[in-house]
């Protein structure tokens, strides 16, 4: 079986394993207070051109989302997100478990628009019984989104503008950031991201690390006591250096961006095959996720050969699926899939 | 600087790193549904002689404690623990963050006694205004405790008896279990542990793994939907096999117990040196933590040479400290420390 | 100004005030353990024909919703509700504050349909990554709904059937129950309600009491330790008898149903006037809330004369509003309003 | 049976009932936005000599404690309180249910001392692993305490000083404030209280109201969005004017203080009888609670005649109990009790 169901089927880039082995018997302080976390943080601050950003390393995405959001909000405040946002659908209510409502906005392509935030904020502010409704305070977006689409610089800046205007925080979930930054048509880079949002993270788990998300906080209000929150939410790794070491390897010389580009290129080949064959896409994007609408007869043939994610029934004979490439997807696996698409 | 401040200063046992490298490019399902987690679970069930136990792998101890406790309790129920229990003092209120009160019991040696539980339960049950107080429902103990002491089989069985009598759950935090099971004077093994409590975990982080705690649930009531809870609390590792692989290596041929014995033996050498020199122990135990009461003058000399944990001021000139050995502590480091103790 | 903006603008029915005065200096046990709460509970059990129902009295609706839901669910479970449900829009995230997600279903008329519940449940159960999503466990409906519509006996029984089939709880918020039971076209009564849901409440605040909601639990699973939950959520009134006394007066001889009928009849007059005048209704119902779509020019004239609730802009020149009658609305106030509608 | 078990066995002062009746059919806005709440707030601001204080009315004490504390703290922060504090023992974990740990301090007489706060704060600040422990942020005291003792002005000011020094909030639970302010030896008044703490409440439930606590916030940081918190915690009474009306009656001409003095004077008679008879007091105070240590033989005789609260077994033949007087305790009931004490 060849796995195209997600981007975390394998371990880590070999350089990461090597680095872990090399440093294995060194003694360091625990809980992220070691020299490697320090160094990784410095690399990130430099890449982001934000010398005063706070950088924290967490093991996974749900943890990062939960910790950032719970740290940012007071009890009566809620998170604005796309209805398809990861926190709204795939985290078993982790945000609600910290006490906060997700104010879900409709979205066809996984993105939240500045106008939607403006409208939602204004509706709350003007409501006669505003104190009876949750106060919007933080806007959560992912880049790329759950549907693989990416925000343009203009879109990010528009979101930033509406957030600043209404004193909302803007938080970018970058679990697949590497695939976004390397994508065709992307005009966002780390400095743009850093200066347009209050907090974001650089996802490692899906882009070459064993695990790990680097949370970058640029808004001073959100920096205070952040390590307490990490500990309280169960996210403070005893051997924290494992996180620092991985991000050093990923980011010291551009490996992270190469890995992202690899995944995007191979997804592009699959996408092109689908288009050539005439299989429509549920949503178009240029990152590592492809969402073709497939005849059920073809999917039947793929059983046991390829794994993919079920995205939804479209009609009697068709199903939308997700095919995911990754930093380590093999060219020959894509060759095989492309062949099978074209010959189907 | 030689670190004796904790048992997680280094990476992992070399066999673990090797195993991770060997399997690195295999594709497996995520979130702990891979063959390695399955295999590790089977090994654990066999070692515990509990074929129907549920085994789940979590990254760290706070996460494990939080997830087990929140999954077990209804909102008005609380956790009984020693006042020195890890959940009561070193987890930044992680349990309270899930909504539950910790009902703390006094303890000199870190242990909870069956009689204390009986008394607390009865006081609640007899209270005229019992509905105005938190209902005790789960007893949390660690073995070894925060003070390195271990429970005897008799003590565990007495706790089990009182818990069964009053329908309380018994939960054993085994973050340092390897050091407990290998300790001089210990009469508990995995089958005893499995049959005397409702849920416990085998700690990997402090006994040779990069990270990881294997939660073993023996009470069917606690098994239902447990994976939802793991996900909600941010503890479901995407590349879950990393946990399975580590526990396979630690447990397939007794490595875990050897590593525990190594730490205990070296701690024993330090303890003996303290006793020989006449430095009293805050609490006596036979595991990998030593708690001598040291003259401040000696500690001053150690500055920059050895790291340790501050345990508390005892009097004007003396301080109780904690010296920790581990699965990888080097004999020559202990030689040096013993020499410095004896010559101090 | 004549208030039609809500159904809690006045105090209580005079019989209630008289009863409070008569019993004022009696000494009774606190926290709802007095003879009046006992008597009120007995009356309710009899009216519901459920001898083994548990009855508890809470001060208000948000409290009742929060307490029932938090008591019923485990952490990973969520509440199914109409998107317009009171808990989803008008309680400042009170449910999320107890840790639970609201799984909102689209609804034109404020009702949840059995088929929607079936579909939602099945989608969750069939989801490949079901453990990553919130588990539906309780269905929350209001009768009458937020839009004043009422459930038929058939609809309730269909909801009950799907809930039983999937082991979901059915919870009916009856904040305006009096207006529902007295409504034209209603075929539900207390025994029907009691036997078709697991828990519901009889709202006093909006139907003649100073305050108070009588929670009736018919499912034994939900009865356990319920008083602990009331206390924990801040809902245990010290002088609990105030609640018992009010429900005795409302329910001992049918006053509650008369008060409901009064409100419904007067709302009917307003509704008829709107229809006669040609003002369309946002949603049609037969209870005490009327939702006409009004010309802004008319609303301008009403300023300072009548208060109402803003329901939403419909187009450039029209606004949907809510006009509420109540148990104590004066005939002459309705006369005036009807006149102004017809002459507008 | 004559009830001395608590101070909320009866209804309300007759003036309150009269006021409710007089205003019963007036129409007012709901949720505390009526003229009576406004007027009551003005009276309180004047009595406190704090023109810019925010005043909110809540139904009960647990609700008030929970709402204030949850509104004031971020997730990793905890409440400092006496181990005997109401929030620590008699609210079914209501504070923990909002996610916060109570940092309990030992106390013989129910009071928290400034030195204890200083010590606790410093211990946290100096702890090597401070981020692994809950951050103290709010000091909760009651005046009178659970044991009926009262704070002197000096004690309050010392607490204020340590709180200001370390940026902690000082919160005074005044559920029995009326009995404290009227007590012999008391040197605190509303202006002193207002200027020495950040938030406190004037308890109505136990001092002549049907129910109600007036929360007075003097620190601007705590004022923001407070009404959202009230709503979220289920504490926003629909007919909020019921609260305003009661506090107007209690406070417009000193009735509240007279009622407190009445309770204190009668408790004094009981206390004197105990002392005369030689029954020792568990703790001495001058407010409305008396804590004699009684021979079990006497308590046996009282069965069915007097109700009291069990406070704890003292030795084989003696039990500490609590006898409570109130704003409405009858002289002849105290006559009887005093007689029975002296003749026992």
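Letters A, B, C and D name the chains as they come in the text, with residue numbers starting at 1 for each one.
Rule of thumb we're sticking to: a residue touches a chain if its C-beta (ideal position, glycine included) is under 8 Å from a C-beta of that chain, and two chains touch if they have at least 3 such contacts.
In this text the structure is predicted, and so the values were computed from the model without any measurement.
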{"item": "Each chain counted as touching chain C and chain D at once", "value": "A, B"}
{"item": "Chain separated most widely from chain A, comparing mean CA positions", "value": "D"}
{"item": "Interchain centroid distance [CA atoms averaged], chain A/chain C, Å", "value": "41"}
{"item": "Centre-to-centre distance between chain B and chain A (centres being mean Cα positions), rounded to whole Å", "value": "33"}
{"item": "Intercentroid distance (Cα basis), chain D paired with chain A, Å", "value": "49"}
{"item": "Where chain B touches two or more other chains at once, by residue number", "value": "75-76, 91-93, 97-99, 131-132, 228, 231-232, 236"}
{"item": "Sites on chain C touched by chain B in the complex", "value": "31, 70-71, 74-76, 98-99, 131-132, 135, 225, 227-229, 231-232, 236"}
{"item": "Complex contacts: residues of chain B adjacent to chain D", "value": "75-76, 78, 89-93, 96-102, 128-129, 131-134, 309-310"}
{"item": "Chain C contact footprint on chain D (complex, rising order)", "value": "1-3, 6, 8-12, 14, 17, 20-21, 23-30, 59-63, 66-67, 91-94, 97-98, 205-206, 210-211, 228, 231-239, 242, 328"}
